[in-house]
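Please find the structures below.
Common to both upcoming complexes is chain A, partnered first by chain B, then by chain C.
Take a look at the complex of A and B:
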């Protein structure tokens, strides 16, 4: 035996109660679960720890990061062994050389991936999906189940016209052929977006597709038994219900699984999410397969004025200043009396939000005294209002003042907990690897156990494990993963049920091009095994093992 | 199935006017347009396509969902 895990509290991913036992692994596969008499070349004592299948994260944007970090750090240390990148109509392939900068712009706008990260972290040596897969496979620690993006298919076939109009019949057929090629090369499905904007604040190409084009592409998914992911108008309940109906029709017609993300709990309107879930249940009972994704963490957004923030997307003047400005022009706008007046006027009816913002980080010694206080408190100390304090501090810090808007929603634990446990809900929507300058998208798995298993008792630990392992594998048709079962691929997470959690959010400079991002460390995850090899231990960190695979789904 | 708010997918060339004429034919075009816009603020409030676009001035996208009745009580 290559590896034997002994005396663990085995939670096998099926939802059945845990039991004490051993797991034997050989040639990357689980060969026995129960009492193992054979000795392993490597032995791990898991006494007092949970041994579970590796977690699967079904909504990520690690596409770019995989080009310089095949472990998608820090996903693995949170127990995640398989990720799904390419969501929301955006993948990095197929991509003609002429369109690279367009896609970089979209990733920058939608996922906040800095331009410099692409400049310094990416060698552009692929065009086709197959070439991209070959490229990332060279150094893969984590398993990857990649979606292909609808916007990218349109860009390849229609060029710049993809950003202006519907496709002709011929172009639709070309997209169908291209999608088939991507699925054959390992794509697990197709993603599309009904909401995203590009770097010029115009709709992304997928939004110019009519229902017939999407239907034609889903016919190809049906032939391959692959999934459709959409990001929908999650801020509007009636549209969400209408999208659920649209996905249900597509699902029944083409016999495919569909998933929409994210579905949030609006604290002012619980009835909204109840109505959406009721519609999902109704449609699924009528033969559809529609899976809303719900994230575990509440919504927190951090920002500086040096990059465009989601928080300002509905404040057109502010967002335009941030989106199209340089640090110098943003500082100039804040300093100019007239422009400042205009900005303050536009945002003054949201004073409650600005007052609650917390100053989380500054670089000057003079302003350290304010760190940790909210802007209402700082405003009182300075004799002004919160909005002007936000501008003043940003000027004093050369835009390097970091503000946190905490608990913006999706934070009613009882409601979120009941949703996470719901049999028609998939736990997901982490957005791992995206929005790196707004919040940490890592640690949702630990938070599931700490908040919704240990503290709130929303579900048992066995249910929680099932939700993020075998349920996800079943929905996405990921073969031979998600269970601790003889013959299955040995993706295993060993954790302390009393300690597993997400650590505090912090700002770190580890993105190519001297870029920063918000991350969280894990707590209580002791060992992560991918493809039968130890990929991470709490004691020793990441190993040199590279057993990650492309997981393309089963036909 | 429970009743949900009625909606349509616009065709590629649809405008407020063409949808009002087709879907709300019992109202005047002006009234139909005004109703459509008030029921679909997510589209109405969107900046229209830029002048150089073939859809110049039209905020409706082919992938949109448009409601053709007010919110259900």
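Take a look at the complex of A and C:
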């Protein structure tokens, strides 16, 4: 026996209550769950810990990162063993050499992946989807279930015209053939977007497709039994409902699963999300398969005074200073005794907001000590108040002090919790690997347990595990993963139920080309096993095992 | 629908970590819809309504919102 996990609280992903037991693993597979008499070459004592299937993250943009980091750090540290990249109409293949810079522009806009990272971190040695898969497979620690992007299919077939018009019949047929090729090479499905835009703020190619084109591509998905992922107009409830209807029709017609993401809770309008969910239930009861994705983490707002933020739109003087100002005039207003007095007076009745702001980033050495603290704490250290600290830090940093206001949206725990456990909702939409310069997209699974299982009791730990393991594997038709079951691939996460969480957000420089990103460490995740080998331990970090596979399609 | 008006404004958090302004528009038949505006659309709307603060937008007609949205074209 290669590996035996002893005495764990087994939560097998099926939703059944946890029970004490062992798990035996051989040749990358689970061979026994229960009492294991044999001794393993490696033995892991899991006493007091939860042993669950590895988590599956169905909405990520790790595409580029996988070219230089086959572990998609820090996903595995958070217990994630399978990721779905290629969402939102964008994948890195198939891609003709001529279109590389165009696609880099789109990735730069949507993922905030810097141009330099592509220059220094990427050897462009693929065009077809199969060549891309062969390329990333070489050094894979995490499992990858890759989507192929609709915008990319269009770019391949139509070139620049893909950003201007609908496709002709011949072009649509060419896209169908190309999609089939990608699915045969291992793509788990197709992603498209109705809302994303490129680096010149133009709609991405998929947005120029008409309904007939999407229908033709979905016919190919139907022949291969693969999924369609859609970014819908999530900020407009009426359009969201119309998209649910559209996906339901497509789903019934081509017998495919569809998923739309993200669906948010609008604190001022619970009725909106209720209406969307009601329509999903109605359509699914009428034979459709439509899965809205809901993220666990709340939305944070970040800002600096170098870019006008709407946070100040209700403060007449502040908004005027920012809206009509240049960095120099904003600095001057903050420095001028009279104007500063006026600004402070106007904003002082919102002191609660300023106190909770977190200083995220500064450029001077002297102020590094305050990064990560909230303004109330910094104010106390400096003997002033939070509002004056915000102004002082901005002056000291030439306006380059970055502030974060946490929990500004999608943050009603009862409402979000009831959605997350809803039987017609998929937990997802982490956007892992995207928005890397704005906020951390890692640790949403830890947050599910800390906030919605432990603190808010929205669901049991067994339900939470099921939601991010076997439910996700079922929806995405990922075979033999998501359960702790004999014969299944041994993707296993061992964690402490009392401690599992996402850590604080921080800024690191670990992107090729001296690029930065926001990340979070995990808490309480002790061991992560992928394909039967230990890929990560809390104590020892990452191992050299490379057992990640392309899953979900024929590799 | 021509006399649809802004009846309320509030701040919200957009998907990608920016603040956005939500304006509630009431139609003549009583229906209310919420329109999110990004920074660019908000600024265009503030200018069109000669508003100094978001609350000054209340009472203005929906055409100004439509034109402001065109300024931003598309937020994503």
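By our rule, the second predicted complex is superposed on the first by the 456 of 555 C-alpha atoms of A that agree within 3 Å, B and C clash if a C-alpha of one lies under 4 Å from a C-alpha of the other, contacts with A are read in each partner's own complex, and residues count from 1 in each chain.
Convention: contacts are C-beta pairs under 8 Å (C-beta built on N, C-alpha and C of every residue); 3 or more make two chains touch, one makes a residue touch a chain.
Fair warning: this is a prediction, and the values are worked out from it, not measured in the lab.
Applying the stated contact rule after C-alpha superposition, one finds that A:238 touches each of chain B and chain C. In the superposition on chain A, no contact is made by A:81 with either chain B or chain C. Of the two partner chains, chain C is the only one touched by A:409; chain B is not.
Within the superposed three-chain model, A:18 lies out of touch with both chain B and chain C [touch as defined at top]. When the two structures are aligned on the shared chain, A:246 is found in touch with chain B, with no touch to chain C.
Greater residue coverage of chain A by touch, when chain B is weighed against chain C, goes to C.
In the superposed pair of complexes, A:191 makes contact with neither chain B nor chain C.
In the superposed model, A:472 makes contact with neither chain B nor chain C. Of the two partner chains, chain B is the only one touched by A:164; chain C is not. In the superposition on chain A, A:203 makes contact with both chain B and chain C. Touched by chain B in one complex and by chain C in the other are residues 201, 203, 236, 238 of chain A. Interface residues of chain C, counted against chain A in their complex, comprise 10-22, 33-36, 39, 42-43, 46, 52-55, 73-76. The residues of chain B lying in touch with chain A in their complex are 1-2, 4-5, 7, 9-12, 42, 47, 49-50, 53-55, 61-65, 67, 71. Only residues 195-197, 201, 203, 231, 234-238, 262, 264, 266-269, 272, 299-303, 307-311, 313-316, 319-320, 323, 408-410, 435, 438-439 of chain A touch chain C when the two sit together in their complex. The touching residues of chain A, counted against chain B in their complex, run 164-166, 194, 201-203, 206-211, 214, 233, 236, 238-239, 241-243, 245-246, 278-279, 282-283, 286.
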